[in-house]
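In what follows, chain A forms one complex with chain B and a second complex with chain C.
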Partner chain A sequence: MTTIEMRTQAEAQPRRRFFQLDTPAIMVLPGIVFMVVAFAIPVLILVADSFRDAGGFSIGGYRKVLGDPYYIGIIWNSLQLGLITTIGSLLIGYPAAFALSRAPARLQVLLFALIFLPLTVSIIVKTFGLAIMMRRDGILNWLLLNVGFIDRPMRLVFTEFALYFGMINVFLPLMILPIYSVMRQLDPRLTDAAASLGAGPVTTFRRVTLPLTMPGVVAGISLVFSISVAAYVTPGLLIGDRFMTMSQVMAKAYLNIRDFNLGASMAVVMLVIAVTIVFTSTYFAEPASRRGRKG
Partner chain B sequence: MTKKITFSRRQVLAGASAAAVVGFPNIVRAQTREIFIGGPASPGLTDGLFPLIEKKLNVKVLYEGTNSLINLEKIRSNKARPTMTLTMMDDPVLILAEREKVIKKLPADVTNLADLPAGAKPRDAMWANWCQPMCSFSYNTQTVPKGLESYADAWDPKYKERIIIISMRITQAIAPLLAATQYVTKKPLDQCLPDWQQGIERMKQLKPNIIQVSTNAPQAQQLLETGECDLYMAPDSRTTLLRKSKGAPVDQGRPKEGILAMPAGIALVEGGPNQDIGIQFLNEMLSPDIQAYIGSTFFSKPTNSKTVLPADLKFPDLVSLDWEYFADNRNAMIERFEREVSAR
Partner chain C sequence: MIPRLSFALCWVMLSLALLFLFTPIVIVVAVSFTESAVFSFPPQGFSLKWYYSIRNADGLLASAWLSAQVAFISTLISLVLGTLCAIAVVRRMVPGGDVIATFMASPLMIPGLVLGIAFLQAARLVGLNDAYTTLLVAHVVLTMPFIMRTVLASLSMFDFSMVDAARMLGCSYPRALWRVLVPNILPGVMSGALFAFIASFDNYPISIFLVDVHTKTLPIQLLNQLEMSPDPTVAATSALLILATVLALIVCDRLVGLKRMTTI
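Our next item is the complex of A and B:
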C-alpha cells in the first residue's frame, strides 16, 4: 500500500449514519423512556384536559383560575408558601451546609445523621409530630413558658407560623444536600488566597465562596421551591382549608367536585410557575457563578 | 457434538407452577374466597366487625378505608374492570353511584332486607343502610363538661378559636350548616336543607370561633381529645362514642334542635368480582346478631327491626334528610362554604 493510499484512508470521513447510539445514549435511554411514560405523557394528557370540558374545546378552566380573585388568592398562597419555605430553607441551610463541609469527619457523620434522618420518616408522621409539638401543651409552648418569653400557652397550631415552621422542617434537607455537595468540592486555597490578598471574610464570602457555590444554591432553590409550591399533605395537616393551595384545589376538583377542567388548568398553571422559577433562578445564578470561577 | 437440554420431573412441575402463578393469576386467585371492600376509614371495621363475618362465612376481606367521594372516584376509574365487590358509602354518594350505574340493585338473596324499613333500603333496594350513626357535634368533656344545649351556643364568643369544623367535602359537615340554617329560618331541622344558602351567612359569623376547617378527621378528633379545641363539628357517633368508650374525654352533643341520621350504606359494585360472597357478606351485615354488634360497637342505630339491643343502649329519634337534594347541591355547597367560611 502506498503512502498516499494510507493517508487517504486515514483522512476519510467516517460514514454518516442516520441513527446512531453510543454508550452514553444507551445508558440514558431507560431514564428517557421512564420519564416519557411517567411524566411527559401524563403532562400532555393534563394539558389536553385543561383545554376541554364536557362541551369540547374550552378555556373556561383558565378563565376561572386566572380570572377569579378567589383562585388568584389561592395561587398567591402557594407562591407565598413556596417562596417563604425556599428563603427560610436557604437561610438555615446554607450555613448548615458550610459547617457540614468544614466539620471533622466524625462530627460530619453525626451532623449528617441529624439532617438526613428526618428524611427517612414519613411526611405524614413528621407533620403529625409537628402538630403535637405545637399544641398548647406541646414542647414548644413549654419551652417558651420556661424561658420566660410568654406567661401563658399561646396558640401555635393552625397558624401560618406553624405552616412555615413545618414546611422548612420538611424541606430543609433538600436545600442542604445540593449546597453541601458543591461546597465540599470548594478548594480551601481559594478563600485562603483571597484572604492573603487582603479580602475580609465578608468580601471573601461575597466574591469567592458564594459565586462558586451558586450551582448548589440554584439546585437547592429549584428543588425546594418546585416541591413546596406543590405541597399538599403538610399544609393540609398544619393549617387546613383556611390556607388553600393550588394542590388542594386540584384534589378538590378531581376527587370531590369532578371538575377536571378546573383541576387540569390549575395543574398547568402550577407547572408553568414552577418551571419559570426554576429556569429564572438558573439564568440569574449562572453569571454570578461564572464571575466566581474567573475570580 | 450437540448438547441436549433435559428437564427433570421436579423442574417441569416447578416450571408449571411458576407459569400458573405468573401467567394465570386469576386461576390461582379464584381458589380463595376473598372480596375487596371500599368504605369509610372508621375504627372498628377491620379490627372488630369484619373478622366476625370473615370467621362466620370463611371469607377474607381486603379493605380500603377513605372518604365516600374518593371511594366513588376509585370505582369510577375501575368501571371497565371493577376490583371492588362491595362499597360502603354515605347515601348522598351512593345516589351518585347509582346515577353512574356503578352499583347494582340488591338481589332477593339478601334475605335480611325483608326486616329493614323502607327508609333503610333506598331507591327500591339499590343499597341498604347497615346503620345510622348519630351526627351533631362532639365536645371535650373536660373543657365543656355539660356540652351545648343548642347548636346556637357554638356562636358564643367564649369559644373564640376553640372550634374545629369539618370540611364541606365530607358529608357530616352538613350538620353545622343545617344548624346555622335552622337558626336563621326557625324551621325544623329536617326542612332546612333547601334554605342552606341562608345558613352560609350565619356560618360566616362563626369564623372567629373556628380554629381550623379540616379534611382530616383523625387529626381533628385528636385535637379535641387533647383539649386544643372545645368543639368538633361534626364527627358522627361512630367516632365520638367509640372514643368515649375507650376513655377519651369526649361526648356526643345532643342539642335540642335534633341529631341527624347519617345513613351509612352498603352496595354491590356492578360487575365486581365474587358477587356471591359479596351478597352473603352483605346479608350477614344486616342480620340481627351483627346489627346488635354494630349498635353497641359503632354506637349507631341498627336498621334491622329484629335487632335486640342491650338494655342500656338507647338511641334518640334521629332527623332524616333529603339526601338526593344534598347530592344535587353538594358542589354548590362546597364552593360557597370554601369561599366564604373556610377562607381566611
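Our next item is the complex of A and C:
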C-alpha cells in the first residue's frame, strides 16, 4: 500500500507537469492543421479561382452566372427546387411529426425507427426505386389506373412531378426528425391550459403549439432547403437535363466542358446561398425575446 | 370536434408518410427477386439470379470494397483527430474552443459538389494524382463533422473529475484517457462513427470529382451502371446495401439504443 503510494507520487508529479504544458497543442493541432490544409485552403482556392481565368484576374465567370438570363434561370431553378421540396416536406412533415410525438411510448420508438431508417439508405438506391415506381408500367401508374384516375398509363419519369415527388421522398425525414425532437418536449398540458382558458383549437395552435415548435420547424426548413437546393443525384436521375440546376451546371463545367471559371463562379454562388441559409436559420432559431435584446 | 378531426388527420399523414418513404425501398428489394430483366409492377416470378450476377458485373464488387476501405479508414482518422480535438475544446485547454468546434464541423454546411470541386482544384494544384489518397483526404473532411458533433455531445455529459481521479491514483494522462474516458463516451462515439461511415460510403457529390477509371467508389459505379445498362443487378446490389444498413442499425441499437443514438 505505502510503496504504491510512494511510487505513484514520485512518478505522477513530473509527468503531470510535462503533459499540462504540451497536451493541448498535441491534441488540437493535428486536427486543426489537417482541416486547414485539406478543407479551408481548398475552399479559399476555389473562391480565388472564381475570380481568375486563363488571362489572370477576371470577373467574367460572375458576369456570365449573374448576368446571363440562361444562368439566372438556372439559379432560379435551384431555388425553386429547394423551395417546393421544403414546402412539400413541411406540409407532410409537420402533422406527421405531431402524430409521432403523441404516439404511445413503445409505438413511438418503432415509428421513430421507421422514419429514421430511410435516411440511412443510400440516396441512389432510393432514387432508383422511385424511378422504377414512376415508370409507365410502374406501381404509381398501376395504382392510378386501378383507382380510375387515368385510363392509360401516364409518362411520369422526366417530368417535374417526378422530380418533386422524388425530392420530397428523399428529404422528408430530415424535416420530420427536427420537428419531432422539439415537439416531443412540448408539454401537452400547455395546450390543455390554453383550451381551458377559452382559446379555440385554431388559436391554441397558432398561439401555443406553433410558436413553441418553431425552433424545430426552422431547423427542418434550413436543413431540407440547404440540402435540396444543392441536390445532384436525385434530380439527375428523375428529370435529367430537362431541369438544369446549379449543381448540374457545376458538375458539367468541371467534368464535361472544362470551363473551370464558370464552374468556380457557380460554386461560389452556391456557397453564398448555403452560408446565408445557415446564418439566417441560426438567427431565427434563437428565441424571439433574446433576438430582440440583441438587436 | 376540430381537435379530434385534426388529430386523426395527423395520424393519416404519418401513415401516408411512412408508406411513401418505404415504397421505393420495398420496390427495389422486390425487383431484385424478379425473373425478367425489366422492372415491371407487379413483379413476375422469383429468382436469385441477379444476386449471382453481381459477381460477374463489371467492377461492382471491387468498387464496394474500395468504398468500404475509404469509409473505414477516413472514419478512423476522423475519430482520432476529432476526439483529441474535442477533448481539448470541452476541457477548455485551448482558447477559442467554440470557434474550433464550429470550424471542425463546418464542412457539413457546404454543398457536397462545392467541396468536391475544391478538393479537385487543390489536388491538381499540388500535383496529387493518386485518386485513392485524394478520396481518403476528402472523406476525412467529410466525416469529421459527424465525429465532432457526437464526440462533443458525449463529452459534455462526461464527468472529467473521473480522469483526474485516475491520474491521482497513478495513471498517466494518456492512459487515464484510454481507460476511463474512452469506455464512457464509446457508445455516443460509435453512433457518430456509424453515421460518418454511412455518409462516406454513400457519398456521390464529392467522390465524383476525385475518382478515376480504376478507382471508382460504389455510388459512382452504381450510378454508372444505372445510366448504362439498368438491369436488376443494380437492384440486387441495392437490396444487399439496404440489408447491411438495417443490420448495422440493429447492432447499434443493441449497443447504444437507437433513441440515444439519434438524439445526440
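Note that in this section the second predicted complex is superposed on the first by the 234 of 295 C-alpha atoms of A that agree within 3 Å, B and C clash if a C-alpha of one lies under 4 Å from a C-alpha of the other, contacts with A are read in each partner's own complex, and residues count from 1 in each chain.
In this section, a residue touches a chain if its C-beta (ideal position, glycine included) is under 8 Å from a C-beta of that chain, and two chains touch if they have at least 3 such contacts.
Remember, predicted model here, so these are calculated numbers, not experimental data.
Q: Contacts for A:Arg155 in the overlay, against chain B (first) and chain C (second): which applies, first, second, both or neither?
A: In the superposed model, A:Arg155 contacts chain B only, not chain C.
Q: More chain A residues touched by chain B or by chain C?
A: Between chain B and chain C, the winner on chain A residue contacts is C.
Q: Return first, second, both or neither, reflecting whether A:Leu46 touches chain B, chain C, both chains, or no partner chain.
A: Touch partner of A:Leu46: chain C, not chain B.
Q: Who does A:Leu145 touch here: chain B (first), chain C (second), both, or neither?
A: Neither chain B nor chain C is touched by A:Leu145.
Q: With the two complexes superposed on chain A, say which partner A:Arg242 touches: chain B (first), chain C (second), both, or neither.
A: first
Q: Of the partners chain B and chain C, which touch A:Pro30 in the superposed model: first, second, both, neither?
A: A:Pro30 contacts chain C only, not chain B.
Q: Looking at the overlay, what does A:Leu255 touch: chain B (first), chain C (second), both, or neither?
A: Both chain B and chain C are touched by A:Leu255.
Q: Given the touch rule stated above, what does A:Phe128 touch, chain B (first), chain C (second), both, or neither?
A: both
Q: For A:Asp137, is the partner it touches chain B (first), chain C (second), both, or none of the two (neither)?
A: In the superposition, A:Asp137 touches chain B and chain C alike.
Q: For chain A, which residues belong to both interfaces, chain B and chain C?
A: 128, 135, 137, 237, 254-255.
Q: What residues on chain A touch chain B, complex-wise?
A: Listed in rising order, the residues of chain A that touch chain B are 70, 73, 128, 131, 135-137, 155, 157-158, 236-237, 239-244, 252, 254-259.
Q: Along chain A, where are the residues that touch chain C in the complex?
A: 4, 7-8, 11-12, 15-16, 19, 23-28, 30-32, 34-35, 38-43, 45-46, 49, 92-93, 95-96, 98-100, 102, 109, 111-118, 120-130, 132-133, 135, 137-139, 142, 169, 172-173, 176-177, 181, 200-202, 226, 229-230, 232-233, 237, 247, 250-251, 254-255, 260, 263-264, 267, 270-271, 274-275, 278
Q: Using the touch definition up top, name the residues of chain C that touch chain A in the complex.
A: 2-3, 6-7, 9-11, 13-14, 16-18, 20-28, 31, 38-42, 81-82, 84-85, 87-89, 93-94, 100, 103-104, 106-107, 109-115, 117-122, 125, 137-138, 140-141, 144, 167-170, 172-173, 198, 201-202, 204-205, 208-209, 219, 222-223, 226, 234-235, 238, 241-242, 245-246, 248-249, 253, 258-259, 262-263
Q: Quick check on the complex: what are the chain B residues that touch chain A?
A: Per the stated touch rule, the residues are 69-70, 73, 161, 167, 169, 210-216, 219, 223, 226-228, 331, 334-335, 338-339, 342-344.
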